[in-house]
Amino acid sequence: MPEQPPYEPERAIAGTGTGGQMDLAASEATTLEGTPDGPGGSGPGGSSDLGGRPRSLWSDAWHDLRRNPVFIISGLVILFLVVISVWPSLIAPGNPLHCELSKAQEGSQPGHPFGYDGQGCDVYTRTVYGARTSVLVGVLATLGVAVLGSVLGGLAGFFGGVGDSILSRITDVFFAIPVVLGGLVLLSVITSNTVWPVIGFIVLLGWPQISRIARGSVITAKQNDYVQAARALGASNSRLLLRHIAPNAVAPVIVVATIALGTYIALEATLSYLGVGLKPPSVSWGIDISAASPYVRNAPHALLWPSGALAVTVLAFIMLGDAVRDALDPKLR
Amino acid sequence: MGRYVVRRLLQMIPVFIGATLLIFLMVNVMGDPIAGLCGERECDPATAAQLRKEFGLDKPVWQQYLTYMGNVFTGDFGTAFNGQPVTELMGTAFPVTIRLTIVAIVAEIVIGITLGVVTGLRRGRPVDTTVLVLTLVVISVPTFVTGLLLQLLLGVKWEWIRPSVSPEAPFDELIVPGLVLASVSLAYVTRLTRTSIAENRRSDYVRTAIAKGLPRRRVITRHLLRNSLIPVVTFIGTDIGALMGGAIVTERIFNIHGVGYQLYQGILRQNTQTVVGFVTVLVLVFLAANLLVDLLYAVLDPRIRYA
Amino acid sequence: MRGATHAKRAACTAAVALAAAACGGGGGGSGSAAVLSSSWGDPQNPLEPANTNEVQGGKVLDMIFRGLKKYDPDTGEAQDMLAQKIETSDSQNFTITVKDGWTFSNGEKVTAQSFVDAWNYGASLRNNQRNAYFFGYIDGYDKVHPADGSKQSADTLSGLKVTGPLTFTVKLNQKFSSFPETLGYAAFAPLPRAFFDDHDAWLKKPVGNGPYMVDNYTRGSQMSLRKWEEYPGADKARNGGVDLKVYTDSNTAYTDLLAGNLDLADDVPAAQLKNVRSDLGDRYINTPAGIIQTLAFPYYDQNWSKEGSEKVRKGLSMAIDREQITNTIFQKTRTPATDWTSPVLGEDGGFKEGLCGESCEYRPDEAKKLIQEGGGLPGGQVKITYNADSGSHKQWVDAVCNSINNALGNDRACVGNPVGTFADFRNQITGRKMSGPFRAGWQMDYPLIQNFLQPLYYTNASSNDGKWSDKEFDDLVDQANAETDTAKAVRTFQQAEEVVRDDMAAIPLWYQNGSAGYSDRLSDVKLNPFSVPVYNEIKVG
């Protein structure tokens, strides 16, 4: 599981795309019928007694995904976000740091379609340039939280016992740390003005939640008949976790992670607002959203565009997550 | 089961000690709070030293911690910088915040799960899309803005509510703040329920139940929903912390003098006694909440047992 | 209680249709018995006169105490209040006579002893009073408040002597001609015996000698003050009382004002300034207050103390478009500064418009040239440090930086550098860790030019955050303090201010105004030069 976390869409896709180690097991699709597939018959890369072309759950999923319009659209949106994160000047010729106070809060005008914000900076240019920081923080923090959280939570839920108790109590302590305090303590000592400390901080404080969710899902999934049967047939723990439990426990993790992506982008702004996150002259949607918020009565446009960009990003990832989850669920096929 | 609960209760002791120590150290790492007490000027060194002595800040950290813990066990949580005992602060803040949290959690359960069931059963239909759009709005518009606009609209323009909550903070005044506070969590609960419902509604037991001719309503509530609730319950359990200790924005906008507000003030003023006191109580709440969640697992899924 | 609120709200909703007034929070009724409600913040320190150094606690002290002097709410001039006369022949030994007939609201007489006890309490190290240094001019202060924190060797100030029921003498440790004018500050208020006899009870319900008395105080939520009917002074309350309501946020107070739940919000949030005219019409006041914002520099840093660095500072000052920033960011609730004092002092008090000259005007081209002549910005970039936890500092710092960047034609010449907490910000200042300009704000304690110069620029003064030091300046200040003729003293202080100007010791940014909005129940609302509402003059109904 650690190598191929299913909720990591891009990696999962890349993995199956190369046709690599994913094509291993016989399909759990049979669980639809409630008859667990014995682990014995299917070796690595193996043949199967089902006949026809053998496909694993994961490659089935990829097969489905490629044909799913929801996946294609969300993929294109994400691709677009990545492109403008790398080359913002492709579509925004202006300078995001050039602001003229005399134009503060002015509305849309030729050459400046989104108008100006409270400092007289061009909202369009800043929204385009903000993508890099925000997408980076959102995606990497979400990935970090999801990987760390689901690995730890999954293992704790699967094995139970002392390890579970210790991990659960550690998460209790983490929940107790107020974000503001954590930010002021941990981030104020860091002077580097890059996104990495912010991402690290979010991962550090965010993993307990996903860990709890993953633990709960795994505890439920491991009670399923096919898991018990597979265990009875002598399947190894890693096999049980990866092949039988993970695909059935991943859905809540995907749901929480995709929504969390949006909240992490906003959290970056909270940290900046507290003076411990990214410092000026950084540009991000979160920073612009929080700067525009108090002025929503006078200049709603300055809030609307960065918020809209954030909404589109979250939408793309929610759709992607939905598509991946559907593809992994044999029952929906 | 009984033994399990006792064991979990015993585990609270190390967590309690660990959490208080951690928070104590964190507030200490922030540095010397005295400089912030004298306004825009340098505290005169003699007064600063005297104040440090009064708050026990002149001793080494470990000694401060031991003294503090000793006092805590006798029920003395120290004093805030304005001379008010921390227990008094907690006594006014916690009841208000607990009421606010109850409103928020009830909203999450009632609205979130209902919307989740509806959208889960009608995936891809207009109602599903509408809820998705609302979800996006809730995530991308800060609660500050939602709160502010609701306050202006409901409180000033239409005069349906009081824009600010009175010091007594009764339940009816907390409905709108509670909804604002719950909004982001609502998005999580709705989508978690939706996904679980969509996943489980094709499962064997649901098919069996339908085949048996059970009424649709009964199938949904008794079989489908019950089996879909574990992730939702887990999420709500983890969310209590965010609702109780992190309601900074909501509490500020609606003038609620609750835990989030006091904790935030305490942190900004680096008041160890206030922060550690509040967090200590919060840790106990999390421990209780998470124990409850784990016990609920067994209720929702009888296959899960605790020994 | 709940029912009543509901009924009242319903009645108010109905009344709106009839365009009737009188739907504020707090007590009903009108005329001199009516009570008004006003926004408040919880005081940060215990509410003792010598322990209150911020405006929220100051509001209460202003209502429940009257000192020897009182600053005129309009002109800021110090006028005799409880002082019959204050006499001196040498600007160092003062004889103070207290007016007869004054009592505290608990009936106790205000005597010379009330003052001397209060001042001794305030000065004594063991009482932890934040404003103890105000008594630092009085002889014997070093004994009751040893600077090195060693054990205090006396309990009372040797410079204070009670010579009769209503007279006492004050001996200062240096000549200080404007000492009587400082006595309007809250720290110099008299205290009743109740303060010393049962301190805890007093803190729960403070007792003073002002036009109001505390009726009820619930920490963290509300303080109810009621008119003291037997108040002997001329400035009696013209309303029945004031309910101070604690708000978590000034924006909430403003919204409550709009909804008719609050009568007076004395801190209109920056984001609402643009709407204030349409929301409140003429029920909004915006008057100068004794507050100036500046940018200070770390003179312990080589880069800022070296020869020619004053050119860089002047250049930076000329790169800031104050007019534009005060208009746009602050909606004219601040005025571009042209000297280092405040307009509330008045011409006679030492305010001199334009003293800064062209160094405080926006001249981008000259700015660029001066900075180059001065050797350029240290490290190629200046970082303006500020605390992020209070006020709207980020907005104006960003605006100042944008202005500097535009003037210099370099996107990264200036960036803001937020610090998480005020305490941390102060620690960096006192620990001499600043490397570039940082936010410095000064709210006057009393309306004297001395208060705008000495604490901020005198060598090692308590608020000389940049550790600027200049022999000529110090000499001029000493000379001015010893001067008995007020006009001459003011002129000497202005000469000292010119020294500050020539070295651009700090960049003056703007004078801050006090602003407040009020409900249509109120009339005669104004703010004093300390930006505190003059509560006793407000009429309700």
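Here the chain labels run A, B and C in written order, and each chain numbers its own residues starting at 1.
Methods note: a residue touches a chain if its C-beta (ideal position, glycine included) is under 8 Å from a C-beta of that chain, and two chains touch if they have at least 3 such contacts.
Note that the coordinates shown come from a computational prediction; the quantities given were computed from them, not determined experimentally.
Participant: Is the number of contacting C-beta pairs greater for A-C or for A-B?
Facilitator: A-B is joined by more C-beta pairs in contact.
Participant: Taking the mean of each chain's Cα atoms, which chain ends up nearest the overall Cα mean?
Facilitator: Of all chains shown, the one whose C-alpha centroid lies nearest the global centroid is B.
Participant: Could you tell me the distance, in whole angstrom, between the mean C-alpha positions of subunit B and subunit C?
Facilitator: One centre to the other, that is 38 Å.
Participant: Could you give the separation in Å between the centres of subunit A and subunit C, each centre being the mean of its C-alpha atoms?
Facilitator: Chain centres of subunit A and subunit C, defined by C-alpha means, are spaced 50 Å apart.
Participant: How big is the gap, in whole Å, between where the Cα atoms of subunit A centre and where those of subunit B centre?
Facilitator: The answer is 23 Å.
Participant: Subunit A: which residues touch two or more other chains?
Facilitator: Counting only residues that touch two or more other chains, subunit A contributes 184, 188, 294, 297.
Participant: I need the residues of subunit B touching at least two other chains; which ones are they?
Facilitator: Within subunit B, residues 30, 148, 152, 267-268 contact more than one other chain.
Participant: Could you pull out the residues of subunit C that touch at least 2 other chains?
Facilitator: 251, 389, 421, 424
Participant: Flag every residue of subunit A that touches subunit C in the complex, lowest number first.
Facilitator: Those residues of subunit A that touch subunit C are 95, 97-102, 104, 118-121, 183-184, 188, 273-276, 279-281, 291, 294-295, 297-298.
Participant: Using the touch definition from the top, list the residues of subunit C that touch subunit A in their complex.
Facilitator: So the residues of subunit C touching subunit A come out as 251, 269-272, 274-275, 321, 324-325, 328-329, 387-389, 394-395, 398-399, 401-403, 405-406, 411-412, 415-421, 424.
Participant: Spell out the residues on subunit A that touch subunit B in their complex, using ranges where they run on.
Facilitator: 34, 165, 168-169, 172-173, 175-182, 184-185, 188, 208-209, 212-213, 215-217, 219-220, 223, 251-252, 254-256, 259, 262-263, 266, 289-290, 293-294, 296-297, 303, 307-308, 310-311, 314-315, 318, 325, 329, 331-332
Participant: Given the complex with subunit A, which residues does subunit B contribute to the contact?
Facilitator: Residues in contact with subunit A: 11, 14-15, 18-19, 22-23, 26-27, 29-30, 132, 135-137, 139-142, 144-145, 148-149, 152, 184, 187-188, 191-192, 195-196, 198-199, 202-204, 230-231, 233-235, 237-238, 241, 245-246, 248, 263-264, 267-268, 275, 279, 282-283, 286-287, 290, 293, 297, 301, 303-304.
Participant: Would you tell me which residues of subunit C are touching subunit B in their complex?
Facilitator: 1-2, 5, 9, 13, 16, 42-46, 53-54, 125-126, 128-130, 132-133, 145-149, 203, 218-222, 246-249, 251-253, 255-256, 258-259, 261, 389, 421-427, 429-430, 440-443, 455, 462-463, 465
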